Structure formats: C-alpha cells, structure tokens
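So, here come the structures, one by one.
Across the two complexes that follow, chain A remains constant while its partner is chain B and subsequently chain C.
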Partner chain A sequence: MRGVRSTLRACGFGVTIAVAGAALAACGSSDDSGAGGKTEISYLVVAREGSKAGAQAEIDAFEKANPDIIVKLDTFPEGADGDNLVKTKLSTGEMDEVFNYNAGALFRALQPDNQLTDLSGEAWAADLPDSYKKVVSTDKGMYGAPLGQSSGGGVLYNRKVYDQLKLSVPTTWSEFIANGQKIKAAEPDITPVLQAYGDAWTAQVPVLADFANVTKQDPAWAQGWTAGQKKFGQSPALTAFTHLEQLGKSGLVNKDYASMTNIQALKALADGKGAQYPMISDQLPTIAQDSPDAVDDIGFFALPADDAANTTATIWQPGGLYIPRSAEGDKLEAAKKFVAFVSSSEQGCQIQSDTGVAIGAFVSPVCKQPSDVSQAVKDVQKYLDDGQVAPALEFLSEVKGPNLDKITVQVGSGITSGAQGAKQYDDDARKQAQQLGLSGW
Partner chain B sequence: MNRTTQRWIVGGIAIVISFVVFLVPFVFILLQAVKTAPDAGQLSFRWPQEWVFWDNLTTVLSTDDGLMGRAFWNSAVLTVGSVTIMVVLAAMVGYVLQRRPSRLNGVVSFFVLAGLIVPPAVVPTIWVLQKTHLFKSMSGMILIEATFGLSFCILLFRAFVATIPRDLDEAAVLDGAGPIRLFFSVVLPLLRPVVVTVIVVQSVTVFNDFAGPLYFLPGSDNATVQQTLYSFQSRTLSQYNLLFTDILLTTIPPLVLYVFFNRQIVAGMTSGAVKG
Partner chain C sequence: MSTQARSRSLMRGFYPSWFLAPAVILYVIFFAVPTLVSFYFSLTRWTLFDHEFIGLDNFVEFFQDPQLLKGFTNTVIYAFVTSAAKIVLGMSLGLLLTSSLIGRGYLRAVVFFPVLVSTIGIGLTFKSLLDPFHGIVNGALGAVGLPQPGWLTDPNLALLSVAAIDVWKGVGIATLIYIAGIVAIPEEYFEAARVDGASAWRIFWSITLPLSRPATTTVVILSLIGGLRSFDLIWATTGGGPGYSSDVIGSVIYKQYQAGFYGLSTAGNVVLFLVVTAFVLPVFAVLNRKQVDL
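Moving on to the complex of A and B:
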C-alpha cells in the first residue's frame, strides 16, 4: 500500500516537472520563418577572425544583390569540437543551409552521400579543375564548391639569409642539409632549420609535405595505400620519415624545438633568427599579422627529394561550401545561389581576396589572384604553373592515422628511428582503416 | 627546532605553493591581455612592450556586434535558471530520500548514481529536445544543465539532511505545518550551508560549460561566454592578446563568487561529508 502511494506521489512529481518544462518551452519558443516573404538561410563558418570578416562581407554583398534573401552568419570552433558539432548538426537535421568545412578525408567522414546535396549539376561545377572536384566528391556525386585558396606544403625560408650567404634554393635533400651546414658555419646565431613541437601538429609537416615527391615516383601510391598494399615502411614513402630522423640528428634544428610553438617559429623565421621552416603556406596570414614588414622576405620551396627530378610541391586544397540534405524548397534555391555567388562570381572572388591574406592560388577559374601578392605566394604559384605539384595524401585517401603528430615528434626528437616511426604509423593507420571498414588491411 | 618555527615554515611553503598554482597563471593572463598581438603570440612572461589593454578590451567587447555582452547575459540567465532548479529540486529529493525510507529508495538512488556515472549522449538528447520543441531555446538548455547537475546536488543534500534532527520536523508537524510549509519554512532554511555550496559549485560548472551550449544551444545569438573564446583562436591565425582579454573577462564572475562565499563553500562541503 505504501509502495503504491509513493508511486502515485512520484508520478505527481513527474507531472509537475513536465508542466514546468512545457511552461518554459512556451516562454522560450521562437519563430523561425523569414520575415515579410523573404527567405532566410544561415551560413556556418569556422570561428576565426579572418574568415568571419570575409563571410560577413560576402553576405552583405549577396544580400544587396538578392534583396529577397536574408543570410545569417553562424560560427563553429576549429578542431575536434568543431568536427563533432558539424556531425551532430548533420545527423539531427539542424545543419545550416550552407556550411564551410574541410575537403578531403574530413569531408568524406561526413557521409556525404546521405547528408549532403549533390551540386554536380550547378553551372559553376563544370569549370572546376578535376584536382579539386576529386576532393569534394564521392562515387555518387560532387558536393562542394571551393572557398579560398590552395596552399603549398614545403619549406618557408628567409630570403634575406639566403641572399646574405649566397645560397641557392635546394632541389635535393643533400643540398638542403648542405645549405643548413653552411648557415650554421657562417652564422652561428641563425637557426638553420626551425622545428616547433610545442604545437605537435607541425611535426607532421615534413612527412606530409614529402608526399608529392612520393607521388612523383609512384603515381598510384595513394590508391595502393588506401587498398592496404603500399606502406610508409617501404620505399619511396619511407624517406619522409628517414629524412625527418636525419634532420633531428643533424644538429641544424633549434635547441628549444620541443617547446617552441608554431607562432614563435614563424616569428623567428620572419625576424631572420631562423632560416628555414618546413611548413604549409596557409600560415602566411600569421606572418602578415605579427611581422608585416617581413612578409616579402619569406620565400617558399618544395621539400626536396633525394633526386632533384622528384622534388615536387605538395598542395593542400581549401575547404568547400556544402549544402545539407535538410535544406529544401526556397531555402535550397537560396543556398545554391549563395554558394555560386561566394565561390565563383567575380564579386565573390574580389571579396575573398580583399578580406583574406593570399596563401596560394585560387581554385575556381573565375577567381584571379591580384598581382601584388607576397613572394612566398608567387613561389607557390610557380610550382603550380610548372605543374610540379601533387595533392597531399589526405586529399587522395581517407586513411590517416590519428597519431601521426605524436609519431613524428618522436622521430624528430630522436626518440625513435625513422624506420620505427614509419612502422608505427603504418600500424596506426591500419587501425583507422579497419574502423572505416576498408578491405586489404 | 621548536613548534612555532615549524608551523611558520609549513605555512610559508603552503603560501608559496598556492601563489605558484593560483596567482602565476592569473598574472600570465593579465600580462598577455595588455600586449599587442605579435607580443602576446610569443606567450612569454616578459613585460609588455606596449600597453594596449584598453584597445584589446574594446576590440573584444565590440567583436561581432557586441557578442560578448549578449553572451554574458545568456550565461547569466542560464546559470541562474539552472542553478535555481537544481537547488529546489535536489533539496526536495534529498529530503524525501533521507526522511522517508521506502522500497522505491533503491530505484531512486540507482538513477541518481546513474546520473553521475552515465555520460550524456549528444544526438539522442537533441532528438528529445526537438520532439519537445525545446531545441535551440534557452529553456531547453537550462533544463539540460539542471539535469546534468542534479545527481551531484541530491547526494550533497541527502547527506546534509541526515544532520537535521527529526525532532524539528515532528515539532513543526505537531504545530500544524503541512508538508509544503514544513519543507520551505523549516527544512530549507536549515539547509543553508549546503545550499550555498551547491550554488557556488554548480554556478561555476554551468558558467564554465563549453561543450553543453556548443551542442544543445547552437546559433550565435545564443552564445555563452565560453563560446566567445574560440573566436580568437584557430590553427592558422591566433590572436592571443584578445583571447587572454576574453579569458580575463570570463574569469571575473566565478572569481567574485569564490571570494565572497569562500567560507560557506568549505563549511557546506565538510558538514555533509562524513555522514551517510
């Protein structure tokens, strides 16, 4: 009897909470429909000072051209939190009508075939270069429009130091090391090669940026890697790890490599305290912010291979604009218009180059780089014009082990050898490939 | 060595340790907040080359049309709302659980413990919110924060109710107090120390929650103060001076709370701690 009474009481209690919830819901509900017959869509971008200002400028221009559409700007954080948020929004049908996200492996992790709207039928899609289409497509469709510029992975170097010591840009790995030795001998105060393991992700760059050299020697390497046949433990990819080991042991690296952060390394490079820094050119905005006077002292060259004929710059593709399946009707039409405006209209391109710092080359053929770009950007462009480029591995294969940063820190610090590191990374990638359900691993 | 010197030495060491643990990071935040972007990017303990605190402050406050002000308001509503629910509900549950043993107690305790142990699942929670039309609304977020904190609060209240003599309840009932009057006029005032503890601990937790509002309360209009932090940091460009100014601003409310309620927190924590 007592138990029954308690149950009843508990139910009453539950009802009270439910009522409270409903009351709260009633007072907090908001109206979602657009005002006065206008279509309202929202646009999700990474929360980052530069990208937000650019996005807002794009929105202002777009609303002026399309008075019946209102675009709201939303932001998400960069990194693991942001990846989770994007996936959560997609799987709950709450995704913004247009969103900006990485291309390549991260894009494929979104299950594009189920979540995104196919854009291959859009007018601008036909003009896109195949190299970009590949990184925003699956077998079943093309889902992304390029936003921004592709950047080059290789070595950023200080041209003043090079001029002063009359060095020339190295085309082979031994020349690169020899240049380092010359710098060390002539200017003991200048660090020949900067490494910044305070931000562990930077340690991956020497390995990732070597990938174009691998592709040059074996064009089908990436497919073999996805299929589980090619390994980093074997030539030609092994050199990426053995070179990193040599670099760590060469004595050319700064002494505080273990704690230096990426920003500090870029500053040291711009100040001429360091001569070379293996990095991706998308870091140029930081130099432009922190050392505006030194921007033109910075140059770029591809990470050298053992053989000069194989030295090729690795290209990182910019993220794309995507439209989720949840956008329908008027909103879908408005979203498509907005995507076309931002990524491939002359006005949209102009705003992109006005609001951002140039880091490489535009993907969309409609967009033209202004002529007054920094030297490093010109250097990247030269590799592109000469065709001496290949995409980074993450754009060719979805297999990327999550621990590459830690493994490369160990190799670069001399804790493990290059061969061991390569083997560890193969194991790391195997686990991820098995999780993805790929055959051959 | 006599006892007084020993005490002085131990006290001195304690002060030095707390200085290093608490004040050094705070000074670091302050230093970065007054520097320019290139200077702060070096993340060093050096004296600022240039004092630009005012510029940093106005930049942070005016970013995104004064997002910071909206965020402070949202955080305040969220914190006050959810902590109020937590205090009232947890005190009621804790009181009943302690005072009225029944067969249901085991079940209730199981769910209270489950609330502490089981991690919240994001996507199913959003489904529930969508079904109840609470998604993207402040009221939904308040209920979520209250749910996350409720278990811990119930345990604290339950332990504390055990220290209140039953005689007081009985006296009130004899004098003609109904159950509601008994709870609100007699029991709740006696729970004051633990109420203060719950308020302070949960306020700080809710105020500092980053992931909760990120997933359950999306949209820049709904941003809480923790959400404003990532505006100033990314892989390609970081403005550490603005980031640290923002951190400084977000640190102030919890800091004030601790400074004023310091003694009650410790009292509340320890008074319920040893009794079951």
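Moving on to the complex of A and C:
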C-alpha cells in the first residue's frame, strides 16, 4: 500500500470523493515564498461569526511589526466537515503554516506526534498553566498555544425572570426542577427550560456539562473511561442521561423544542421568553450580537447535581494554534513568531480582547481580562475562583463518541429512555476508542 | 480472409482505438481505481494518516450498528414509497399531458420545473415551509382548523414527509418518460380500438398501459436506484433526525465519514453498492423479460 499512500500524499489524489474538490484545490494553490525576500505564511481559522475579523486584526498588527512576513488568512467550516478538512490537509502535507483547532480529544485525533511541530521549547510555553498544557500535549511533546478564553458549561439563565419571581440559583437538580415549575405556574408565557434540537449539538450540553459533577464524585472517572472500565450506563455518569429524560418529560420545555435552533433559543432567553437554557458560555457572543441590551440580564450557574455538594461547573478549554510538520525553514520561523505574537504578546492579547466578546477566562498568563465583562462571565469566574470547576470530558479523555448529539436528541424527545441512551453512547464511544487503537475496548 | 471480412475490419478500424483513451483514462483514474482501492480500505481501520488491516471487522461493526437496521429499513421504505408514487403520479400526469388540453405545453413545463432546481435548495425551502410552528404549511392548516403535525420533527412522520418532497421533485422526470412512452405508441391501435367501440378505460387498460411498459421499466429502475441511494434531500431536511428516525444507508455512511471512521464508512459504501445491485439486477431482469415476452 506504500505506493497508494504516497500517491495520496503527492497530490490529494482521489482521497475520498467528498473531499476531492478541496484536496485538489489545495493542490493547485502555490505556497511559494512571496516576492522581494518576504516570507509568506498562511493562517487557517474556523469560519465562525467574528473569528475572521479577529484573525485579520491580528494579522494586520503582526505584519506591521514584522514587515518581512506576509500572512494570508484562510478559513475552514465548523463541525465535522471542518474536522475532515483539517485531517485531509495534514495528511496531504497541504496544511497552512499556522492553524487554529480544538484542544483535547479532537486535537489528539490529529496524530500530533507525527503531524505537528513541538512547541514546548518556545519562550511562552513555560508560563502556560498546566491545566492547558495537558490538553495540547501528548507524552512526546507540547504542540499548541492557547487562543482565546476557557468557558463554562452549565445553565444560562435570565436574571430578570429570576428577580421578578424571587427565585434563587439552584444547587440541586430537584431545586432546578422546582424553579422550573414555579416559573411555569407564575408566568405561563415564559418557557422554564429552553431546548433547541433544531441544532442537534445543543442536546449534548445537559450531558457534557454534567461531567464536572461526575468528576466530583469520582475523580478518576475519566481515566477509567479511557481504559474502557467506566461507562455512562452506570452511576454516577448515568445521572446526566436520566436527568435529560426527566427534563424532556417534565413539561417545562418549550413546545417547539424539536425545531428551535440555538440562535432562536439564545434570543428567547435574552428576550425573557425563556428563563433557562443549558448551554456553554462560549455562546455569549451570539447574545452580545443579537441582543446587545440584554447581555447583563444573562447569568450562569453550574448544572445542578442531585447533591448540592457535587454541583460543579464544567470548563471548556479554548482551542490552540498549531504548526504542522510540513512548515519548514523560514516559514517555520515566521509561523513560530506569529503564534507567539497572537497567543502571548500584550498586543496580541489586546486585539483578542478588543475583537472578541468575553466568555470566561484567558488561559495565557500574559492576557488580562478587561474589567467591564458581562454578568455571566463574572459568574463563570466566580466558580473558577472558588475552585468549583472540573474540565469537560473531552479534555481528559480522547474517547468521545460521534453520535452523542443524536442520542441525546432521542432521550430528550422521549424516543428512548435515559438508560437506553447511555447504553447507546457507550457503544458509540467504543467505535471511537477502537479507531484510536486504545486497549480495553 | 475474404474481402468482405477485411473490409468489415477496416470499417471497425475507421476510428483509431486510441480515440477511446481520454474516456478510458478518466474512467480508470476517477472511477475504477478509487472503487478498487475502496474495497481494500473497507477492510482496514483508516485514520487518513495511516491504516491497519482488520479483515471483516468493519462489516461486522456496520451490521451491529443500531442506526443501521433503522437506516436499512428506512431506505427500503423510502425507495418503494417514492417509486410507487412516481409511477402512479407520473403515469397519470403523462396521460393528462398527452391528451388535448388547453395550455398543455405550459403545464408540461410546470410539472418538469422542480427537476431543474437544486436538491439542497428544495430541501432548505421545504424545511422552512414545513416548520411546525412558523411554517406556511402548518399556518394554512391551522387557519382552516386542521391539525398541524410536526412534518419533519415527528419521528413517525419525518421519513414520509421527506419521501413526499422527493416525489414532488422527481415526478417531472417520470412524467417526461411516460409522455415519451405514450406518444411513441402508434396511433393506429387507438383508432382501431375506437372503431371497435372500446371505452376510454378499456383503451388505457389494454393499449396504453401494456405498450408503455418500457417507460414503466425505466421509471422503476431510475426511481428505485435513486431511492436506495437517497441522501442529499434527507440531509438537507432532517439530517437523518430526529435522532435516527429518518436515517437511510446513505446518511448513516456519511455520518461514519464525518465521525472520522473512514474505514467503516468505506465498508458502508461497499454494502450500499451490494444492496443496490441486489435490488436492481433482479428487477431489471424481470421487467426486461416481460418486455420481450410481449
């Protein structure tokens, strides 16, 4: 098969029919160094609301400071299609000199030891917090520089509705349901809990954001999961699925849950038509964009566990900047300079703050959060300051089943029970573990 | 060798055989090689970076997948429902549009028009038309006091709703084929039947229907293959959801690919290839044999 593989590498030839267009396009683009002795590199970011403007601002400032380097901006689509594009670009040697991609499980699926440049020797690397180093490292090296802020997974809620009905932030699951029932009784026009399965990925949040509560009860759960010993079908992780089932049957969810999209749900929350929405605080920029006046009405609390002592906020780490192995010589040096500038220079941090909306806490110690952040960000920060946090599962284990969104839609819609859903997810994760060649599955 | 034989071989060699080369090269590079390579990759665990030979494990996995059974039955239901509807509707519209009718040319264009529109465009349009709470369809139903089902969000309805959209989109082709088939029937048969005093129903049953069998064969084969391979419309409207309730083999395969299970999704494509062949070959054989018998 060596022959076939080298052909694949040579020019993205027939990789798969679905990505052939992208691969061939990449083949056609020239990556020669720019004229006049300038080094040209390209920077690949995900095509998301706002990400392009931020990236362009970083590039403009960087080029001003480094007149002999030109940086071209390139984007890739969000979600699974983007994951495949990134893998295809890496495996054909066509990856941009710097690219922005998730940390944790998705990062590990890129085979970093073979594909990425080790950055552990860079000046900024020493100052990174260990919690972040872990999610962009393998046993053999440290590959990523943080870009942006960590965010909190739990429940976004409308503080006006809470104030008006004199509710307090729930610390147990039964208080959470009780709050929902009070809202329903007092204000029939306000949806107690929003669900938005029009974007199936949002259905996963009640399960993913419950994970800190699992870690609180069993600190070694994630290692056991990677080794194939711990399962979602068993307590304590099972609770997330049974809670989701209970929520679906509670009558507290919006009637149009099956078709509502994430953007509609965030709008309903900001408008006070919905009171609570299990979500990750990285969605706050959408509220800032669509409902700028309501930003400070939104608060955040951790997804409640059965026992208040276990209620802990789940933390998502920001994605990293990576340099592929295919970047060499002048381009590699230019790429390293660019990564250091964007991720860990004061000017780079300032641009991140100016062009982005705060969603949690900066990872790089050089970057400082401005003081005028929204209430939800302050709430997330409070959990961080109190140490009432634990990382999401995808930052502790590379095993993440690809169908959690469909499985949680089925549980939340009452098509399957929580226990069945948990079992299905365990089977789903097994495929991923086998694909990664892990033992114990 | 006789002169006649030599002149025939000269005739055959009139165009040099290397005229075939461009087509053959394109076919080999873009079809034959990937197909053969995919048979190999279906037996591996493939990450795009490297691959490991695992024998038939992917096929075992594929057939144990909870989505697959659902996807498989859904595919069969979808293929048969859309084929049957396209035959019945295509035949009726074909009859209507070959009769003397005011504005016949215009109506033919109208029926054919949906075929020209992009499938994804149709999917997205219907997704908004059929939105359970803000869609125009349920708005109209609500206005006259009828129930307003969740066309694409009710697990029991989603697949059939997509099938209905597929029929709306595809019936133009079926109609076109039937029009051609019906027009090709010699006028003498109809004249003779009318002279003998046959009713319109009798003419349809004894002349039009049997003599348009070639058209029926084409429509059945095309819509059956199309139905079995269906993917784009389902992906644009429901994405296989809610949950797995409108998944077909095509969308199951695509999800495996999205998840990065490249070997598994290739195995799925091999399965799809075999399923389509297994369905279509016998149908083709049976329909063509009857045509000869006629």
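The definition used in the following text is that the second predicted complex is superposed on the first by the 409 of 441 C-alpha atoms of A that agree within 3 Å, B and C clash if a C-alpha of one lies under 4 Å from a C-alpha of the other, contacts with A are read in each partner's own complex, and residues count from 1 in each chain.
Methods note: a residue touches a chain if its C-beta (ideal position, glycine included) is under 8 Å from a C-beta of that chain, and two chains touch if they have at least 3 such contacts.
If you're wondering where the values come from, they're calculated on a predicted model, not measured in any experiment.
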Exercise. Based on the superposed arrangement, let me know which partner A:91 touches: chain B (first), chain C (second), both, or neither?
Key: both
Quiz item: Does the superposition put A:223 against chain B (first), chain C (second), both, or neither?
Solution: neither
Exercise. Classify the contacts of A:73 with the two partner chains as first (chain B alone), second (chain C alone), both, or neither.
Key: first
Quiz item: A:52 contacts which: chain B (first), chain C (second), both, neither?
Solution: first
Quiz item: Now for A:174: first (chain B), second (chain C), both, or neither, which partner does it touch?
Solution: neither
Quiz item: In the superposed arrangement, which partner chain does A:258 touch: chain B (first), chain C (second), both, or neither?
Solution: second
Quiz item: After lining up the shared chain so the two structures overlap, which partner does A:81 touch, if you call chain B first and chain C second: first, second, both or neither?
Solution: both
Quiz prompt | Shared chain A surface residues [contacts with chain B and with chain C] | solution = 17, 81, 84, 88, 91
Quiz prompt | Residues of chain A that touch chain C when the two form their complex | solution = 1, 4, 14-18, 80-81, 83-84, 87-88, 90-91, 109, 111, 114-115, 197, 200, 255-256, 258-259, 402-403, 406-407, 409-410, 413, 415-416, 424, 427, 431-432, 434-435, 437
Quiz item: Hey, which residues of chain C end up touching chain A in the complex?
Solution: 29-30, 33-34, 37, 40, 45, 47-52, 61, 66-67, 131-133, 150, 152-155, 239-245, 254-255, 257-262, 264
Quiz item: For the complex, which residues does chain A have touching chain B?
Solution: 2-3, 6-7, 10, 17, 21, 24-25, 27-30, 46-50, 52, 72-75, 77-79, 81, 84-85, 88-89, 91-94, 201, 261, 263-264, 267, 282-283, 285-286, 289-291
Quiz item: For chain B, which residues are in contact with chain A within the complex?
Solution: 37-38, 41-43, 64, 89, 100, 102-104, 122-123, 126-127, 130, 132-140, 142-143, 210-211, 214-215, 218-220, 230-240
